[in-house]
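Take a look at this one; I'll ask things after.
Chains: A, B, C and D, in written order; residue numbering restarts at 1 for each.
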Amino acid sequence: MSDKQKELLRNLVPVFTLLILVLGIAAYEPRFLRPANLITVTADTMTLFLMASGATFVIMLGSIDLSIQAVASMTSCILAAMLPMFGGTALLVALAAGGLAGVLSGLVVNNFRIPSFVATLAIGGIMTSVAFWASNERSIYISDNDKSAWLDWATGTTAGIDNEVIVGILVLAALTAILSLTRFGRLVRAVGSQEQAVVASGINVNRIKFLAFVISGLMAGLAGIVMAARLGSGSPTLASEFLLPAIACIIVGGTAITGGVGSIWKTFVGALIIAVVRIGMTFVGVTVFAQQIVFGLVLVLAVAMTIDRTKVSVVK
Amino acid sequence: MESILELESVTKEFPGVRALDSVSMHVDRNEVVGLIGENGAGKSTLVKILAGIHRIDAGTMKFGGEQASFRSPRDAFDRGLTMVFQEQSIIQTLTVAENIFLGREREFLRFGIIDKRAMNAAAKVELAKVHLDCDPATKCANLDFAARQMVEIAKALSLDGRIDSDIVILLDEPTSVLERREIDLLFEIIKELKNKASIIFISHRLDEVLQVSDRVYVLRDGAVVHETASKDATITGLHEHMVGRQLDHRYYRENKQRQSLGKPVLSIRNLSIDGEFRNLSFDLSEGEILGIAGVVGSGREAFARCLGGLLPPSGGEILIDGRAVRLNHPHQAVNAGFGFVPSERKSEGIVIGLSVSENMTLAAGKRFSKFGFISFERERAECQRWIDRLRIRTPSTKTPMQSLSGGNQQKVVLSKWQIFGSKVAVLDHPTRGIDVGAKEDVYELIREMAEQGVAIILLGDTLEEVIGLSNVILVLKDGEVSARFEAPVGAKPDQIDLISKMV
Amino acid sequence: MRKPRIPARLSRPTKNVLAFDTVESINWRALAPIGVFFLLCVVIAIFSPNFLSVSNAIRILNASAIPVVLVMGATFVILMGSIDLSVEGIVALCAVVTASLVLNDTFASDLGLWAIPFAVLAGGIIGGINGSTHVYLKVPSFMVTLGIGFVCLGIATAALGGFPVRISDRGFRALTLGRTLGLPNGIWVAAAAVAVAMIVQERTRLGRYVYAIGTDETTARQSGVPIERTRVLVFVLAGLFSGLAGAMAAAQLGQGHALIASGRLFTTITAVVVGGTALSGGVGSVLNSVVGVLIVIVLTNGMVLMGVPPFVQQGVQGFLIIVAVTLALDRRQLLVVK
Amino acid sequence: MGKIANNSIMLAAAATLSSGIYTASFAEDMTLAISMRSLSNPYHATFARGGEAFAESVGLPFEVLVTEGNSEKGLADIRALISRTNGNVCINVDPNDSPDAATIVDEAKEAGAYVVTQWNKPDDLHPWDHDPNYVAHMSFSGVGTSKEITNALIDAMGGEGGIVAIGGILSNVPAIERKLGMEMAVAETGGKVEILDFQPADWNETKAFEIMQAWLTRYGDDIKGVWAANDSMGIGALEALRQEGKDGLVPVVGIDGTEAALAAVEAGEMAGTVAWDPMWTGGMGLSLCHAAASGAIDIAAEPAEHREFYGTGIVVTSANIAEFRSRDASFDFNDYWAKSTGQIQYQ
């Protein structure tokens, strides 16, 4: 029983980390705790979470997806370019384009046996070119009409809560269900933990990896769509500087970069930790010169706290 | 004679298992001591204590007359106790010379730079001691298994002349991968070594142990049960001490061996893998247990892995229920009806990060899910049934796999294929490294599987196991079938007969 | 006494699923990156004959100088199975340190070439922080170096309030601008870095231990290889090379600022992998990485020479990297591809 | 121009009287802030200093926010600031990307905060549609100044020959405008000047360096001039030329007026650059914003040319560098439109 409690405690470390950060900031600036502000902070975090949510599957395999930033930018361009002509179909096409990027990553990793680090980096480059092509090398504005007609689900409010938060929570629920209730989710964990044994059990591991990359692509695509909705435009650089924070929030949440251990809610908490640190610095009034330094240090410390070393033998 | 190494009432416990129970033994200067015992008898625990990987719980260890407790294999090595591991400790990406002096490059340093010429020259000296004629600058990945083994022995011998104290070399199953002439050479080397060092020789080949050693200890269930001078011992005598009884038919549940077999399931026709085995053909029926005997390198491991879909065949046919099947990938093998229990349990048998039930249903997952969603209750119930039936010691179905003992882990692996419903179980050393009680449970399960009509291909840990369990035995030698023995209850072939066909 | 020869039969360790280590394939595969490099050169030369001029070769070598110095460190880290994401941060910070120590428009100092040891030292110290945090706090190198990289960039920005330090010391700038024997000095510095890295890789304990750890950390530990110390030292080494690269970047562009290294990180890692070094560790060499850098630089150079439209360049580059790695990487040695 | 400014101050004074009650308590603990890409480039570092100088002059707390090139982060920080200050804040924003401006204006409007935007905004977003919170938009004529500097380059080349052009991030609005201005200037030469190649270097020095090297191989001595969309890339190209001993022989122009580029112009290595005045945009943007928020002026009553206006971009070449260096760069924070060069024109 005490083992179980320890396990539970270990699992909750990221949550405690988040609480400590929130309370720390609140102690300095109580306005941070106002419900409206908390909802805003959460809403602002959701695009980061969406991007990281799918990539969590890939990282749990022990692989990595570095194409998510380029994929998100690309889908924003496709959405913005197509909305005026095709309306809601544009949403589906943009999402499908994200999924297609995942398909490509999966194929390259599986069939050419190229490490995902390089494969997805390269696919990211290709997606950037697609984004330039789709956008005709410009930022494309989304008109208010199109926005209210097709993107209200992402940017409006429902019962006083920003829709981004609702989308984020739906994704959190859906992906958590996939990860913990389905056979696929279990196999993702198994592959990350001991790939050879899964192969020897007759599982088509390539299919698992492939699906994980597709989910990652789809979620990055969704992140791009929501981003486009929020910012009212699509641009080949819309999601730039998102990649490393997204990977960071997966790891900060306690998912092992070596694979096998992790969950979507941890990524959710990780994204909130990253956001709270960043926004918290603005709240506390940390000078902008020190912000990057503080952010870097907090990142390392947060991982030092949240990572579960009992399940990882060799730290690389 | 003076004792170099002395163990006095050494006890070592692991959760739930007393691995060593008050073991006392000594090794004298310039002596070769044989150490034998079945798997699970405590040999590997003893080795790990000597190597400084485990600490002893009670008792004393003296080395060179002084109380000793090694902190690490390196510590033991530096003080003169060196071992050649069963699982090789050669780093393949380094050269021969670098492996021999790994961690001890200091003597070749000139202003922080390794003097490679000096190191290679010194390595050459050590290699000469094992009569291995190869370039010390060769990468170890380019050597074959036997040569790497010799490099390991050379590494152990490099202590000679570098430290003042006596040297004890522990050879853990050194002959298992060697060919006959290499074994002969090794024994000659051991004879030469006796002038410089003491040797502990661990092997399951009793004839070799008697041939090379001066004295023999027999371990069983974690205790020394017998000690004798080699010249006074016989193979059968040692064997009986090892298993603790006269050959007992009940041990292998021979009474449950099926007399009448079901319909034919598997036909193998001229199956080959280049460089491993050639033209293997046989038929297997429901409930039949086919034992495969052969030394390492005979091709039997490759054959087992081939049926597991892990090594694609280069020629021949495999028919299940009369239909040809392709085995280029494990999932093809599994869907064809093969259930492969690998010898490397930790890396290929179980997924350490998953729970007991998740491991059990790893292969049969589809049966426990609807539209991809897992039916947890159905899964739990089924797994609980198997846990009860196989007497798997686990607090619950959700227990992480890593907290189970080796024997219980192996039962989980076996149940994985039972749950899946494999027609042909391919068991590659199913009792490797598990304790005696669990072994009997495994034997019981094998008989049950046969009773239910599963055809079984067995690569046993010991010859005795193969003989005891099988209906029929194929002996492989250099990749070809050298003999076939029928093994009906009451008319089992003799170990000697098999060995004569193996080597 | 009979002497056993090394049997010609190729062994196949049965415990690995897909591990074949045959003598011939290793040698052939090791040359593959060089083959890819030449293939690339031929293709570009067909479209643009100017590519094969001596002056362009020098330009390519010159553009490769800083990346080569960077991959010297990164290769060791990757050989160990770790990764260093702090490259951009360390280079930027060390470029700022260098620029501030030579004759410049912001600070009153004039160390000339003596600034280089300080920059290299600064890099080494940051590398030491990377390594110790990674080893002693047991945080994956990915996250440690990411975080420390941010910290370095932050310091480089804050120290100057966002302004660059401009170097007015012509003598110092000779580090990259001057020529010796017809070649820009930067190339010589890079060559020296390669020589040092080769010596470290082949002739020092550190280099050998890196392979041992990358191949099999447990066995290495049992053989008495000081794992922790080696890991820290490798990050220090990577920091030293990044520090040198920082000094070179300052000399090349005549200034030091926080953005001076932007874009260097992924180029560095791509070059290491394209060169044939496995991200899982144990397999590869600093020489491979030199070829990797040349491939990446020639690719950039070639796309401008061939007039590939700007907006597809990233896509073409991504595609070609996949092709290059497919050809260059000895993936059969990898049990599983992550 | 000056006249208009004076008149509007009078108007503003009148407005202050009328709306004084409303703003009196408001201005008391107002926070002033600047938001921009990052502090690690000289343009924005100076921009922030301008803001700081104004904040000091009125004794109000001052904050700097950076987007780090990430629109979402920029927006989140602005939201956090608005939330923390309860909307009692004036922000001078250089949006990361033009569409961000619309979102920022919406946020400000909702919370009662005041914003001035710089450089980037959608063409159809206008301050007068969002009175009073969207105070003004300040910019520089990207096309116009680019055309001017390109003409300076063409002059330096002697009126003919091939040029190579290095652009910013392809989809970036200033990058597009600057490229357009360059192309227009080249077109006006009637074929005497030819663009040999255009490559984007994403505002990055090192990329510009490598591209310039490749061009030297491809075009060699056919390159008679180098155009760069900003000074960083110009310096990168210059260093590539220096490597070959061609510095000073091939004229290079950039845009931004960084200290490095000005020094290069003085040394005769660069043919010219365009000096914006980030100190002025940073300080005056905030000053105007503060004036509107505190009621010193009635911004809603101001004419369009006071709501969307260009600042002064000075083309600096060797001919006027000495003059430029010795000019009086100081300005009066209360003389809001003194340096305006007219209402923003849309193409």
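Everything below uses one rule, namely that a residue touches a chain if its C-beta (ideal position, glycine included) is under 8 Å from a C-beta of that chain, and two chains touch if they have at least 3 such contacts.
Everything numeric in this text was worked out from a predicted model, so none of it was measured.
Peer 1: Name whichever of A-D and A-B has more C-beta pairs touching across its two chains.
Peer 2: A-D
Peer 1: What chain is the most remote from chain C, judged by the mean position of CA atoms in each chain?
Peer 2: Taking each chain's C-alpha mean as its centre, the farthest from chain C is B.
Peer 1: Which whole number of Å gives the spacing of the CA centres of chain B and chain C?
Peer 2: A distance of 42 Å separates the two centres.
Peer 1: I'd like the Å distance between the centres of chain B and chain D, where a centre is the mean of that chain's Cα atoms.
Peer 2: The mean C-alpha positions of chain B and chain D differ by 74 Å.
Peer 1: Approximately how many whole Å separate the CA-defined centres of chain A and chain D?
Peer 2: Here chain A and chain D have centroids separated by 34 Å.
Peer 1: Can you pull out the residues of chain B that are in contact with at least two other chains?
Peer 2: Expected reply: 310, 347-348.
Peer 1: Can you list every residue of chain D that touches 2 or more other chains, as numbers and ranges?
Peer 2: Touching at least two other chains: 39, 170.
Peer 1: Could you say which residues in chain A touch two or more other chains, in rising order?
Peer 2: 132, 137, 196, 199-200, 289, 291 - these are the residues of chain A that touch more than one other chain.
Peer 1: Work through the pairs of chains, note which ones touch, and then classify the graph as line, ring, star, complete or other.
Peer 2: Drawn as a graph, the chains match no named shape, so other.
Peer 1: Enumerate the contact residues on chain A facing chain C in the complex.
Peer 2: 61-64, 108-109, 112-119, 121-130, 132-133, 137, 195-196, 199-200, 244, 247-248, 251-252, 256-259, 289-300, 303-304, 307, 309, 314-316
Peer 1: Per the contact definition, I'd like the list of chain D residues that touch chain A in the complex.
Peer 2: 39, 63-66, 68-73, 75-77, 79-81, 83-84, 86, 97-100, 102-103, 122, 169-173, 176
Peer 1: In their shared complex, at which residues does chain D touch chain C?
Peer 2: Residues 38-42, 44-45, 48, 167, 170, 197-200, 202, 204-207, 209-211, 213-218, 220, 232, 235-236, 239, 242-244, 258-260, 263 of chain D touch chain C in their complex.
Peer 1: Can you list the residues on chain C that touch chain A in the complex?
Peer 2: By the definition above, chain C touches chain A via 17, 80-82, 85, 133-134, 137-144, 146-155, 157-158, 161, 217, 266, 269-270, 273-274, 278-281, 311-319, 321-322, 325-326, 329, 331, 334-338.
Peer 1: Using the touch definition from the top, list the residues of chain C that touch chain B in their complex.
Peer 2: Contact set of chain C toward chain B: 1-7, 9-15, 17, 21, 23, 26, 199, 202-205, 208, 211-212, 214-216, 219-225, 282-283.
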